[in-house]
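Each chain gets a letter, A, B and C, in the order it is written, and its residues are counted from 1.
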Amino acid sequence: MSADVSDLSLVRRVQRGDKGAFDALVLKYQHKLVKLVMRYVRNPAEAEDIAQEAFIKAYRALPQFRGDSAFYTWLYRIAINTAKNAVVSRDRSPIEYDLDRHHSDESYDLQGRMKDSETPEGLVLTDEIRTTVNAAIDALPEDLRTAIVLRELEGLSYEEIAAAMDCPVGTVRSRIFRAREAIDRRLREVFEGGLGRAEELG
Amino acid sequence: MPRKLRASGRLCSLALAVAVSGGALADEVARAPAQWLERMNQALNTRNYDGTFSHWHGGQVEMLRIIHRVQDGTVSERLASLDGSGREFIRTGASLACYLPDKRTVLVEQRPAQESLVGFPTVNDQTANFYDVREVGRTRLNRRDTHIITVSPKDEYRYGYRLWIDDTTAMPLKTQLCDPHGRVIEQIVFANLTLPARIPDSAFRPEVSTDGFQWLRNGALPPGPQAASLAWNAMRLPPGFRMTVRSAQVLPGSATPVDHLVFTDGFASVSVFVEVQQGQAQPSAVAQSAAVGSSSAYSTVIDGHKITAVGEVPPATVQFIATQVKAQDPAAGAAAPRR
Amino acid sequence: MNEELDSQLSAMFDDELPTAECELLARRLSRDEQLKARWGRYAVVGAVIRAERGVRLNAPLAGRISAVLLAEPSLESIPTAALRRPGMRWWQPLAASGLAAGVAAVSVLWLRTQAPVSAPVTAQLAPASGLHVGALLPARAAGSAQGDSYVVPPTPQIVPVVVPSTELANYVVAHSMFSSPVARRNLLSAFMTSEPAAAPPEEAQSDAKKAAR
C-alpha cells in the first residue's frame, strides 16, 4: 500500500498556503476524477464542472484533512458526494435509477454501460493525444513498455514490478522514467506545438 | 375466493361481491395489504436475490449491493457499500462480520445457534391498532407491476412506510420510511435485482483484504446463571410494544456481558442493551443520543447500569423505553438497590 | 531539462520518492510551470494507458481551477482542526443548548480502536444481590391502551457527548437481527455508509494513524 508520501508533501504545502502545490494535485488526479464523476453524469462537460467543484471543495476542506486515509481516497469521496448532490438537485429528489430492460426471469439491469458519450467538439484533440501516446508506447523497447504499463495500468509498486520483471528496483525506476521521456518527447509537440494547441482557451 | 387482487376491474366486481356477500369477503379484502407485507417479508427472508440499490437519507445518496441466499436452511447475506467506504456486512449462518476498512477493523459477532424467531416483528391483527395498513394503488415501477402499500402509524411513537411491492416476486422494489407527519426521511430503490436459483459461496467473501486489521470478536459468557439472575424489563412501554426476546451475550471488543431485550409492536422493533456501567459515569453527561440513518439510539445510566435502546423508531421512543427499564426483584417488590 | 530532476519527478509521480526528496521537489514543482506541465503530461499518459474513454485529455480543467483558487483565501491562516485541538469531543452538539428530541441527528459512527478481547471473560455479572429470577412485569397488553396514559417525554436536556461507539456498532449489528427485513436493510445500509461527524479522540487518532501506515 502506498505511503502516500508524495501527495502528503503537496498537501502539506497547500495547507501552509502554497496554492501552486494544489495545481500539481489537480493535474495528477483530474482524469480519474472526471472518469469517476461520469458514472453519475454522462455529459463530459458537465462531469468536468462537477470535478471542478469537487476539487474546490477539497481545497477548502484541506485544513480538516488529517492524513488518516490516503489523499486520493478522501478526494474520491468528496467527488462522489459532489456528483450525487449535483444529480439530486438537478433531477427530482431522491434518485431513482431507470431500468431499461425487462427479462422474464425476473431480472433487470442498470441502464447503460457508460458509453463513450463523445461530443464532437473538443475531443478531436483528445483523439490526437491518445493516438500520439499509443504510438509512442508501441515504439518503446519492450522492457520500457512493460514497466510503464505495469505501473500505470496495473498500479504495481516499483518493488512489485521489480519482482515481476526480475530486476532491481532502481532499474524499474529508470525504465519507467525513460519510457515517460520517450513518450513525452512526442506528447510535448501536441501540447506545446503551435500556440498551445492542446490547451483549449476558456 | 381470490387471494390476490389483480386488476381494478376485478376489484370493482369484488367490491360489489362484498356488498352482496357481507363480512367474510370484506375481511379478505381488508387483509390483502397485510398479506402483501407478509409475502414481502417471506420473500426477503427465504429467497435468493442479488441487487444494487440506492439508499437516500438526509439528502445524501449511497449505492449498495445486497446478496442474499438461503441454502439448506442456512442464511448467507452480504451487504456492501459501493461508494468509497468499502464497508461490508457479511452474515454466514450464525456468524455476523462487519468489515470496516476505513477503521481497519473487523467486528465478528457469533449469534446463538438457535435464534428465536419469536423476536421478529410479524404483522398481525394487533398491528392494526397502531398502524393503518392500506394498498393505495398499483403502478409500474421500472417496468414492473407493483402494489403500493402504505403503513401509517397512528401515533408519534413509530415511523411509517410506503412500499412498492413487486406483484410477481413480492420483493420491495422501492421503500420509503416516513416520519409520523408523512415526510420521507429514508428511501431505498433497487437499480437492479435478480433472483438467481443458485449463488456461489464466493459471492459472500469480502472484497477488502484484511491484512493488518484488528479483529474484535465476542467473548464467551461467564459460567453460571447470568441472564436468569437479572430480570430487566421496561416498567412502561409505548402502546403496542411487548417484549419478545431476552438474551445475554458478550459483544465484540467488550469485556462485560450484556443483556439484550427486544420489544416490538409487530412492525418496528427496539433493542435494549443493559450492562454494568464501567468506571465512573460523568455526572453531567449520562444521557447520550445518536442516530444511524433513520434509526435512533439512546443511552443512559440507571442504578449503575448502562442502558442503551436502539431501534427503527423516532428518537423520543427509544428514549422513553430506555428510561423505563428497571431490574425486577419481585421478592422485594422494589427496583435493584444502588451499587 | 535536468535529467536527475525529471527522474525524481517521475518517481514522485509514482509515490516512490523518499520523503525528504519529496518535500524539496514539491516545493519546486509548485513554482516551476514547466515542471508542472511535465507532471501533467505524465498524468495524461496514465489516462491513455488506462483507456479512460470519454474523458477529455486536453481539458482546461486544471487551468480553471487554478484561476478559481487565486480568489480563494490561502489556507495558511486556517489551523488544521484535529491536530490543534487535542481535547476535542467525538461529535459536535447539533445545537448550542443540546439535542432536541425528534431532530434527526447526524449519523455518527466511529470506532474507538482498542485491543481485542481474546481471553475468556471471567467478570461476574453485578450486582447479584437482591435480584432473583422473576416473572416478567407484564407490559401493557397490546391493543388495550388508548395511548392516552403514556405521556410523551418532554424534550430532554441532553448533553451530547461521546457515544461509546464500539458498543454502538455492536448494538446496531445485534439489533439488526431482530428488525423486520425491510428495517434491517435500512439500518445496515445506513451503518455501512455512515461517516464520523468530527474528529475522534486522541488515542483513536494516533491508533488510526498507526494502523493506516
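Just so it is clear, a contact is a pair of C-beta atoms (placed from the backbone, for glycine too) under 8 Å apart; a residue touches a chain by one contact, two chains touch by 3 or more.
Here the structure is a predicted model, which means the values were calculated and not measured.
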Practice problem: Just grab the chain with the largest centre-to-centre distance to subunit A, centres being mean Cα coordinates. | Solution: B
Quiz item: Where the centre of all protein Cα atoms falls, which chain's Cα centre is nearest to that point?
Solution: C
Self-check item: Where subunit A and subunit B are represented by their mean Cα positions, the distance between them in whole Å
Solution: 40
Quiz item: Taking each chain's centre as its mean C-alpha position, how far apart are subunit B and subunit C in Å?
Solution: 24
Quiz prompt | Sites on subunit A at which at least two other chains make contact | solution = 69
Self-check item: Shared-contact residues (touching 2 or more other chains) in subunit C
Solution: 208, 212
Practice problem: Among the residues of subunit B, pick out those that touch two or more other chains and give their numbers. | Solution: 60, 83, 85
Quiz item: Which part of subunit B faces subunit C closely enough to touch in the complex?
Solution: 40-41, 44-45, 53, 55, 57-58, 60, 62, 64, 66, 79-81, 83, 85, 87-89, 96, 98, 100, 103-105, 107, 109, 111, 115, 119-121, 126, 129, 154-156, 161, 163, 172, 175, 177, 185-186, 188, 212, 214-222, 226, 228-231, 233-245, 249-257, 260, 262-269, 271, 273, 276, 282, 284-285, 287-297, 299, 304, 308, 310-312, 314-316, 319-320, 323, 327-332, 336-337, 339
Quiz item: Residues of subunit C touching subunit A in their complex?
Solution: 6-7, 10-19, 22-23, 25-27, 29-31, 36-50, 52-66, 68-70, 72, 74-83, 199, 205, 208-209, 212-213
Quiz item: For subunit A, which residues count as touching subunit C in their complex?
Solution: 2-7, 9-10, 12-24, 26-32, 34-35, 38, 44, 47-48, 51-52, 55-56, 59-60, 62-69, 114-118, 122-123, 125-126, 129-130, 133-134, 137, 148-149, 151-153, 157-158, 173-174, 176-177, 180-181, 183-184, 187-188, 191, 198-202
Quiz prompt | Contacting residues of subunit B [partner subunit A, same complex] | solution = 52, 54, 56, 59-61, 83-85, 102, 142-144, 168-169, 174, 184, 187, 189, 191-195
Quiz item: Can you list the subunit C residues touching subunit B in their complex?
Solution: 99, 101-111, 113-114, 116-137, 139-143, 145-147, 150, 152-153, 156, 158-164, 166-175, 177-183, 185-195, 208, 211-212
